[in-house]
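Below are structures written as C-alpha cells.
Each of the next two complexes has subunit A plus one other chain: subunit B in the first, subunit C in the second.
Then we have the complex of A and B:
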C-alpha cells in the first residue's frame, strides 16, 4: 500500500509527463482492444446470425454449405426423408435464383429471389403487410426494404418478375406476382435487393419442372450433431452441416484475413506499448537516480525501490487501460462503419463484437506488457550503487 | 493401379462453372483431351503431368469423361478468394460445354458466361462497350479492369487501413511528445548556459528546429528502411499462409514519401512544443539559480 501511495505521488509530481503517458497508453490500449474485438467479431456475429434464423443444420448436395452451388435433385423427396427422422423437427427446402422485376414503362430492377415454402420458422421478419400465403392468386411475393424503395410500389400491387434460374438457360417468360409484404432478411447487405416467393411459384417463374433445391434448412429436435448423424445415416448422398461447423469452416477459410490483420496489429500494438512504457519508466528512473540513491541510503531496500518503479508502470498502464476500453468501444463503432461498407456483408453482421473474455484478454496482455516493460528500469534501480551515484550527483 | 478420389474443383474455361467432380489418376494410354490443373490441386491429389483424370458435371460423379493433364498452372492471384483452396482445372471451351450439356436443352451448347473482347485501341473500349450494350439486349458489356463491384472491398480495406494509420500516428505523437518532454528537461541547464553566454531565443530556436528536422528525417528513414526489410518477410509469411502468389505489402516511393510527409512535420512539432517552455523560461530559473 505504501509503495502504491509513494508511486502515485511520484507520478503526480510530474503531471504533464504522467498525463501524456496515460493518454499514449490509452490510445495504444484502445487499438489493442479493437484488434481483440476484431479477432473474433465476424465469427461471433456470423454465428449469432445463423442461430437467429431458427435452423441449426443445413443440407446440401455437395460439401459447400453456401447456396447457389450445385443443386440438390428431387428435393421434395429428400426433404420428406429427412423430416421423417425423430432427430429433426422441421425441414424446408430452399432454392435461389437471380432475376429482375419489370416495372411499368419497361424499367427493370435486379434482385435475388429465394423460393421457400411458408412454415412456422422463416428466416425473415415481416416489417409491413403480410407473410407468404400459398392460397394467393397471383402468387405472393415478399420483398426487402431496399427493393421496396427501388420499385416504389405499394403493398397489394402486382409485380412482373423475370427469373434467371440456370446460367445454361435463357431467361424465362415474365410471371406476375402480388406484393403482399415487406420484410427484413438477416443475410442481406445494406444495398441488396431480395425477394421471397414460394418454391412452387419460383419453379413456375423459372419455367422448368425440376424439383431442385439449393439446400434443405433443418431445425433439429434433439441437438444439431444428432440430426447430422441421423441424416448422414439415412441419406449418405447428402451433405448435412451444423451451424457450428459452418462457423468453424468460415473461421479457417472465409474470415482469415481479419484474424490475421488483427493478430499482426495486436502484436505491433503490444510492441509499441512495451516500448512506450519502457522508455517512459527508464527515462524517469534515469532522471531520478540521485533521488533513488538517497532513498536507498535512508534505508529503502532494493526490492522496495524496484517495486516503486513497477507500481508506477502499473498505475500508468492501469489508468490508461481503463480509459482504453470506452475509447476503444467508440473507435470500434467508427471502424465497424467503415468495414461494413464492404459489399456482401449482411447488415446485421459486425466486425467488432464485444465479449466479456475480450476484457480479460485485454487486461492480461496489458499486465504482461507492464511486467516486461518494467523489467529493465527495475533492474537499473536494483543494481544502483548508492555511494557512487550520490557522489556523482554532488560533483555534477 | 488406379486411384479414385472424389474431389470438388472449379472447372474453368471461357465459360466458368463450379462443379463437383470425381478425379481419377492413372497411368493410361495416351488418350483424352488435355486439361491444365492448378498447382494446388496437383499437390493435394498428388497428380502429375501426363496423368489421366475423370471429370464429371454431376454431384455424384456419374457420367465421367476422361482428360489428360497436359500442364500445371498457378491460378491468377485473386484477393477476393483469399483463403479459398484453389482446386481448379482449365478445359478447352468445347470440352467444358460437352461436359456440362444435358442434351435436353439445345441452348446448352450455345451458352457461355462471358466473352472477352480485345479492342484495337484501348481508348475506344468504353464506346464499344456502350455500343454492345445497346446492340445486344440483355447482355452486359463493361471494360475489363473497370469493375467497381470487384474493387469496392479494396476501397473499403484501404479506408480501414487509413483509419488504423491515423490512430497509430495519434498514439505515436503522444508518445513522442512525452518522450521529448523528458529529454528537454535534461537540457534545461544547457539551454540556461547558452542563454547566459548570449545566445538569443531565436538562435536557440533555430538549433532546436534543425535538430528536430534531422531527428525526424533520421527516424522516418529508419522506419522506411525497416518496412523495406520487413516487407519480404511479411509477404513470404502470408503467401505461405494463404498459398497464394498475391503481394500483401509493397513499399512504393509514394508510400515512402507520404510517410516522410507525415512523420517529419510531426517530429519537428513535437520537439518544438516540448522545447517551448524552456525557450520562454527565465535564464536564472533555467540554471536553477
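Then we have the complex of A and C:
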C-alpha cells in the first residue's frame, strides 16, 4: 500500500485536526503568496505602466529618470537633434507646471498641467471630445475625468487657467483655453486633477519665452538601448534612460521598502508555516507511536516509516497550498485597494501583481518548508525503538 | 529434529536505567527448530517479551549472537533486518495494533504491498487468509467494528500475509475473554500444524500447554524447560 494512501487515510482519520491544519496552512500560504506578489508587484506594474505610454526612452537634463526640477534648456533644438537619429522614431518635449482653473464666480480648482506638442503618439487616452489641435483658438486644453467632474463644464467651454510655473515665482496672468476633450492619464491617481495643453500654450500661460522641457519622451525605432547609446553619443550633455533602466533603478531605490517588507513578512510567514506543520506532524506521530512501532515490527524500514510522515506533511501542505492561491488572490485585491488609497499612487499601478513564476516560487517555498518541518517528526519515527515502544504501550 | 530456524546463543540484554543497569536477559541459549511450537512463560518482568523481541529482530542483544536460518542477524543494517521481518517473520501483538483507518482486508494487504506482491495476488491471498481465520464476512469492516477476538484473528492473518517461516505472538490472548482466547489458541495450533514455526509468550497456562515445548523464565534466565502437551 503506497505511502500516499497511508497518509491520506491517516489524515481522514482525524478530520477535525486535519481540517484545522489545512485551514492554517491555507492562511499562512495565502499570506506568503501575497508577499511574493508584493515583492515584485510594483516593479512589474510600473514597467507595464511605462511601456503602456508608448515611449521607451526618456531624456532629462539630469541623472534623475523623472522630472526633478531642473529643466532642459533649448528643448526644441535638443528634440530636433534627437529626432534626426535613425534609432529614434519620435520625440516629444514635455513640460510640467502647477496651477489652477478659475471658474465663473471666482472659484478655483487646483490642477497639474502638462505641456506637450500634439503628435501621433501621446501618453493619454481620449475618453470624450477631441485631442489637442494646434489650430484651435483660444488654445485647446484636454483635462482628466476628476478635473472634468470638479469644474462641471461641458466640452467646448472656455476656461481660464492660471499657471504657476516655477517655485517662488508669482502666479502668471490668467489665460483662456477651450476645453476640447476629456482623457485618462496613466500616471494619475484616483483624485488627481490633470490637464494637458500644447507646450507653446503652456509657455504663454507661464508668461515666459524660455524654450524649456522637463523631459523628452522618445520612441525608439530599433530598440531602446541603441537609441540611448545614439543619444548619448550625439548629445553627451543629456541623460537618456530606457524604461528597463528606470525600473531597475526604482527597484533598488524607490521600491526597496516594499521588497524589504515583503522579505521580512515572507520569512515570518514561513516560520509560522514551519512551526504549524512541525506541530501537526509531531502530534500525529506521537499519537501513533505504537502503530508505527507495530508497522516497523511487521517489516517497514526506517526510511519507509519516515517517508509516510513526509507524505502526510506534503499532503497537508499540498491541499493547504492549493487553497492558499485563490485565498491569497482575494486577499491581495483587498490589500491592493487599501494601499492604492495612498496619495500619489497612479490608478493604473498595482502593488500585488500576479506572474506565473510566483506560483512556482510559492510551491517551491512550501515544499522546502515541508521538508524542514517534517525533519523532526521523521527523525522521531526513524529512531523509534520498536521493542520498548511496544512494551510501553502494553504496560501503559 | 529439523535444523533450527532460530539459534540464540548466550543472549544477554541490559537496559541502562537511572538506578543502575537492569539485566533483562542473562546468558539465554535456545534453539527453535523449524515447525516447532514453543511457548515462553514466566512472571511479569522475567524477560520473556524481551527475548521474543530479540528473536523477532526488533531488538538487539547486548551480548551473545542470534542466527536466523543459520545467518547471523545481529550486525545486519536496518533495511536488511526490516526485510527479514517482512518476509520471514510474522508478529502478533497483545493489543492487535491493526491500523484503524484501514479495513480488515486492507490491514492484511499491508505487509504484502510492502513486500511488492502484485495487487491481484494480494487480493487473492488476503481473501484466503481471511477465510483461514474465519472472517471472510468481515473483510470490509474496520478494526473499530470488530470484537477483540475478531481483531486478533485479523492480526494473525496479517502476520501470515507474507507466508513467514516464524510466527511470534506476544500474549495473543492477553486482551481476550476465555472463549475468544480459546479460538485464538486453536488458530495458532492450526498455523503450526500447517508448517509455520510458532513461538508464543504467554501468562496463560492453557495456551502454553498447547506448545510442544515450554521455556519457563525467571529473572532473565531460563529456569526450566518442559516438553509434551
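The rule is short, and it goes like this: the second predicted complex is superposed on the first by the 393 of 396 C-alpha atoms of A that agree within 3 Å, B and C clash if a C-alpha of one lies under 4 Å from a C-alpha of the other, contacts with A are read in each partner's own complex, and residues count from 1 in each chain.
Keep this in mind: a contact is a pair of C-beta atoms (placed from the backbone, for glycine too) under 8 Å apart; a residue touches a chain by one contact, two chains touch by 3 or more.
All values reported here derive from a predicted model rather than from experimental measurement.
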item: First, second, both or neither for A:291, with subunit B first and subunit C second; value: second
item: Partner chain in contact with A:63 - subunit B first, subunit C second, else both or neither; value: first
item: Which superposed partner A:256 touches (first subunit B, second subunit C, both, neither); value: first
item: Which superposed partner A:91 touches (first subunit B, second subunit C, both, neither); value: neither
item: First (subunit B), second (subunit C), both or neither touched by A:140; value: neither
item: Partner touching more residues of subunit A, whether subunit B or subunit C; value: B
item: Which of subunit B and subunit C A:12 touches, first, second, both or neither; value: second
item: Subunit B versus subunit C as contact partner of A:79, first or second or both or neither; value: neither
item: Complex interface listing, subunit A residues touching subunit C; value: 1-2, 9-10, 12-13, 290-291, 293-304, 385-387, 390-391, 393-394
item: Residue numbers on subunit B that touch subunit A, as the complex places them; value: 8, 17-20, 59-60, 82-85, 100, 102, 105, 107-108, 111, 113, 138, 149, 152-153, 156-157, 159-160, 163-164, 167-168, 170-172, 174-175, 177-179, 181-183, 185-186, 238, 241-242
item: Subunit A to subunit B touching residues, read off their complex; value: 16-17, 20-21, 23-24, 27-28, 30-31, 61-64, 69-70, 72, 167-171, 237, 252-254, 256-257, 260, 265, 272, 276, 279-280, 283-284, 287, 331, 334-335, 338-339, 341-343
item: Contact set on subunit C toward subunit A in their complex; value: 49-50, 53, 56, 58-59, 78-79, 82-83, 85-87, 89-91, 93-95, 97, 99-102, 106, 109-111, 113-115, 158-159, 162, 170-171, 174
